[in-house]
Amino acid sequence: MAARDRSAISRSDTVVELSGVHKVYRQRQRSANLSQVLSSLLHPTIREVEALRGIDLRVQRGEIVAYAGPNGAGKSTTVKLLSGLLAPDAGSVRVLGLDPIRDRTRYVSRIGVVFGQRTELWWDQPIAASFEWKRVVWDIPRERYVRMLGLLQEVLGLHEFFHSLARELSLGQKMRADLGMALLHEPEILFLDEPTLGLDVLAKRDILTFITDINRRQHVTIMVTSHDMADLEQLAGRVVMIHRGSIAYDGDFDRLRREYADRRRLSIESVGPAPLLDGAQLVSSAGGRHEYVFDAAHVKIAALLDQASAQTEVLDVETHRAPIDDVIADIYEAWQREAGAPVPAPTS
Amino acid sequence: MAGSSPAWTLRRLLALWRFYGAMDLKWMMRDARSLLLWTLSDVITAISAVASTLLLAARFNGIGRWSTPQITFMLGYALLVGMIPNIFFNYNVAYISRRIGRGQFDHVLVQPQPLWMILLTEGFSPFTTMLGLLPALALLAWPLGRGVHTVTIGWLAAFGLNVVASVAIALSFSLIVGSLAFWAPRAAEEINSSSWHLLESLKLFPLDGMGAGLTATLLTAVPAGFLAWYPSRALLGIDGAGYAILVTPLAAVVAVLLATWVFRRGLRQYGRTGSQRYLSFGHRR
Amino acid sequence: MHSVVADFGRWMVALSAVVLHRYWKTAAMAATSFTGDSLLFLVDYLLRLIRVAVLLSIWRIVLAGRGPVSGMTLATVLTYTLIAEVFAEQLTPRTRLEEALWEGTIATRLLQPMNVVGQFAAEMWGQWAVNLALFSLPLLLLCPAFGVSPRPAGWGAAALFAVSLLLAMSVGLALEFIFGALVVAMQESVWVVAQVRRAVTLLLSGAVLPLALLPWGLGNVFQWLPFASLASTPLKLYTGTGNPLVLLPLQLAWSVLLWPLAGWMWRRYRERLAGHGG
C-alpha cells in the first residue's frame, strides 16, 4: 500500500478478528508393520485432531501480541489461518477488514509473514535477486524500495551476505534475510512464526529491538509465536496462551506470573552445606552458593531467611524473579497433569 | 496494487515476464560452463527423444502410412510442443504436483497476484531453454523444405493455432493430474513426472491403425494424440478433411475448462487441509 | 576345533542376521513409504499400462505384413516389449541417489552404519517389491488380453535371462553411482546430468527400441556399450535372439570394469559430498 500517514490511524482499530474459529485435521494412521500396510491402505484409520476449538481473538492496531503454547497447541494453525493459507472449518477470520482467503491478492499485499521453518528466498539465487523479485512481484515503488532496503540492510546486517546464494547461508542469515523481505513492502501487520530461531544472542537482540522499533515508529501490528518465552516477554505487552486448541490465557506477563505461579529464585551464600528450607526447593549448590526456587505467593522470603539463618551462617543473599521459561514450564506441566499425560521427570 | 483492469493486467504480466526472464539470464550467466551444459543437455535430450522414432522410420521407410518426411514433421511438432512448456512453465509450474506435494504452494499463495498470473509468469525461463528449440525447428524445416506441405500465411496461422492448442492440452492434462496432490500430497508429489513421461513418450508415434478404444483414450483421457499426431495429420492434409485443423483447438478449450474446474476444486480442498509437508528450499526448481 | 568352528559359524550367522536385518528393514521402510498414504500410486500403474498398450499397437503397425527383421518376428518384438515393461525397473535400476544429491541429504547417508551402495540398493529393492507385486505380476497375467505371449524362448533362455538380469542390475547400479559421482565432481545441478543420462539410456539401452531394429548397423555398434547391457542383452536372451556366448561375457566385463570406476570416483569426491546439494 502507499506509504500513508499511519499516525492518523486510530490506535483503537481492531485489525485482527477471529470469531468462533474451529479447525480440525484428519490424520491417516499408518502401521509400521509391513503386513498391515495393505489393510491400512484399504481401511484407513483416521484420527481427528481438533487444532482449534472456538477461538475468539481480537488484536488492536499497533499491538505486539505474543502467541504461545506447547507443541501441537494450535499456534501454527492460527498463523496459517491469518496468512490466508488455510480456511477455518467454522467461524470467521477477518484481518484488516478483509477475508484472507476471499480477498487474497489485496490482503497479502498488506501483510508480512515469516515462518521460522520456511524461507521465501530463491534457493539458487543471491539474496539481492530475491529482494529484487519481491520488489517486482509486490510492485513496490522504487524510491520506497531503495529507502526500505537501505534501512533493512543496515539494521539486519544484510550487506555482509547480500550477494551470496541463499543455499550458502547459515540458518541465522536466512532468517535475517527473510525478515527483511517480509518488511520490504511496509506491511501493516506482521506475522512471525519463530523469528529468532537459530539466531545468536547478538542477532536476536538486534532483531527484537528492530521489531519493537518498527512497531513504535510505523505502528505495524505484530503477532509473534515462539518457544523462547524470554524473547516474547521482552517483545510483547500481551501474551495469548493457547492450549489444546483453546485460549487458556490472554493478558500481560505480570498477571500471568501472578495467576499461575509467582516463582522466585533465592540465592544464599553460606558456610557449610545447603540449609534445608521448608517451602523452597534446592535447584543447585556449588562452592557455598545455594540456589532455591519458591512460590512467593505462598512463602515469604523473610521466613526462608529465618530458616537459613537458624541452620548456618548466611554470608550473602540474592533474590530475583524466576525466568519466564520456568513459569511457562510449570504451566505446561500443570496442563499435562490435567490431561493425565505423564510428566517427564525433571533432570538434575 | 492488485487491480483488475486490462491495462493493469497487461502491465503486470509484462513486468513479471521481464523480471523472470532477466533472473533466468542472470542465473544462466553465472558462468559460461553452466550455460554450455544446460543448452547441451537440452539439445541432447531433444535429439534422443525423437531418435528412436526417426531411426525406426529410416529403417522401415516410414511408419504405417506416414512417410519419413511426414514423420520428421510430426516429431518436430512434438518437440516444439514439448519445449514451449519448458520455456514458459519451468520451476515446477508444469510439474505442479511437486509444488503442491512438497508444501511449496504456500509460496504462490502469499504473492499479491491472481493465481493464474503467478502460474503464467513464475516459470518463464527463456534463456536456459530456448536453444532446445533448435532441434524442433530443424525437424520442421527439413520436411517443409522437401515440400511435405505448401507453406502459406494461412497455413502458418493454422500451425501456430494448433501448436498453442497442443501446449494448452498438455498443460491442462498436467494440471488435472497434478491437482490430485491437493488430496494426496505425499502419494501424488511425483505424479506429474509420470504424466509428462507418458505424454512425452506416446506423442512420438503416429497413431493411425490403432484400435478405436486406444485411439479414443489417446484423444481424451490421455491426450497424447493431440500433442503431435492429430494436429500434424490435419496440417499435412493426411486426413483430408479441412475441419480437422480446428479439432485440436476445440479440444484445447474443453481441456482448459476441465483443468480449471478440477484445479479450483483442489484449491478448495487445500484451503481446508493446508499442507502438512514442507521441503524447506524456498523457491526452487 | 569343532566347537571353535561352531562358535564361528554361530557368530557369522548372528552378524549376517544383524547386518542383513538393517538392509531388510531399510527395504521394508522404502516399500511402505512408496505406497504413501493413498491409493493414488496406482495411477502410475494405469499410465504405464496405457503406454504398454500403445507400444504394442505401434509395433503391430510397423511390422504388419513383414517377415522376420534382423531375426525378430512380430511375435518376438511384442514379447520383447512386454517383458521390457514387466522388468522395467530392473532393466534400468534407479535409486534415490539423485534425490539425495539434490536435497543435500547425501552427507547424512554417510552417518548410517551401512554401506552407501547397500543403503540405496536396499531402498530400491523395497520399492521394486511393491511394483513387482502390484504391476509386473498383473501385467504378466494380462498378456493374453494384449495378444502377447510372455513365454521365453525356452527353459535355457529363461535361465540365461535370470543370470543376465542380475548382471544388468549390477551394471545399472554401477552406472547410477558413476553418474552420481559425476554430478558431485562437476559441482553441477543434478538435473543436467540426469536429463542427459535418461535420454541417452533410453535410446542406447534397447528398452524401447530393440537395437537389432536400428538402421545402418547402429545396433551392432551400440551393443558393445554398457547401456546395452542394461536392457538389450537380457531381453535378447529372453527372446532367444542373442548369442549368450558373446553377450554374457560382455555384461560381466562391464560389471567388472564399472564397479571399480564407481568406487574410485566416490572415494575421489567424498569430501565434496558433505557440502553437495541442499
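Order of writing sets the chain letters: A, B and C. Residues in each chain are counted from 1.
Operating definition for what follows: a contact is a pair of C-beta atoms (placed from the backbone, for glycine too) under 8 Å apart; a residue touches a chain by one contact, two chains touch by 3 or more.
Keep in mind it's a predicted model, so treat the numbers as computed, not measured.
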| item | value |
| --- | --- |
| Central chain (distance from its CA mean to the mean of all protein CA atoms) | B |
| Between B-C and A-B, the pair joined by more C-beta contacts | B-C |
| Centroid spacing, where centroids are CA-atom means, of chain A and chain C in whole angstrom | 50 |
| Whole-Å gap between the CA centroids of chain A and chain B | 44 |
| Computed distance of Cα centres, chain C from chain B, in Å | 29 |
| Shared interface positions of chain C, touching two or more other chains | 35, 37-39, 278 |
| Residue numbers of chain B (touch at least two other chains) | 281, 285 |
| Residue list for chain A, restricted to those that touch at least two other chains | 167 |
| In the complex with chain C, residue positions of chain B that touch it | 33-34, 37-38, 40-42, 44-45, 47-49, 51-52, 55-56, 58-60, 63-64, 177, 180, 183-184, 186-188, 191, 194-195, 198, 201-202, 205-211, 214, 217-218, 222, 224, 279, 281, 285 |
| Partner chain B, residues of chain A touching it in the complex | 1, 25-26, 80, 83-87, 89, 101, 104-106, 108-109, 113, 117-125, 129-130, 132-133, 136-139, 166-167 |
| Footprint of chain A on chain B - complex, ascending | 1-2, 12, 15-16, 19, 23, 26-27, 106-107, 109-114, 271-274, 276, 278, 280-285 |
| In the complex with chain B, residue positions of chain C that touch it | 35-41, 43-44, 47-48, 50-51, 53-54, 57-58, 60-62, 64, 66, 69, 103, 186, 188-189, 191-193, 195-196, 198-200, 202-203, 208-209, 213-216, 218, 278 |
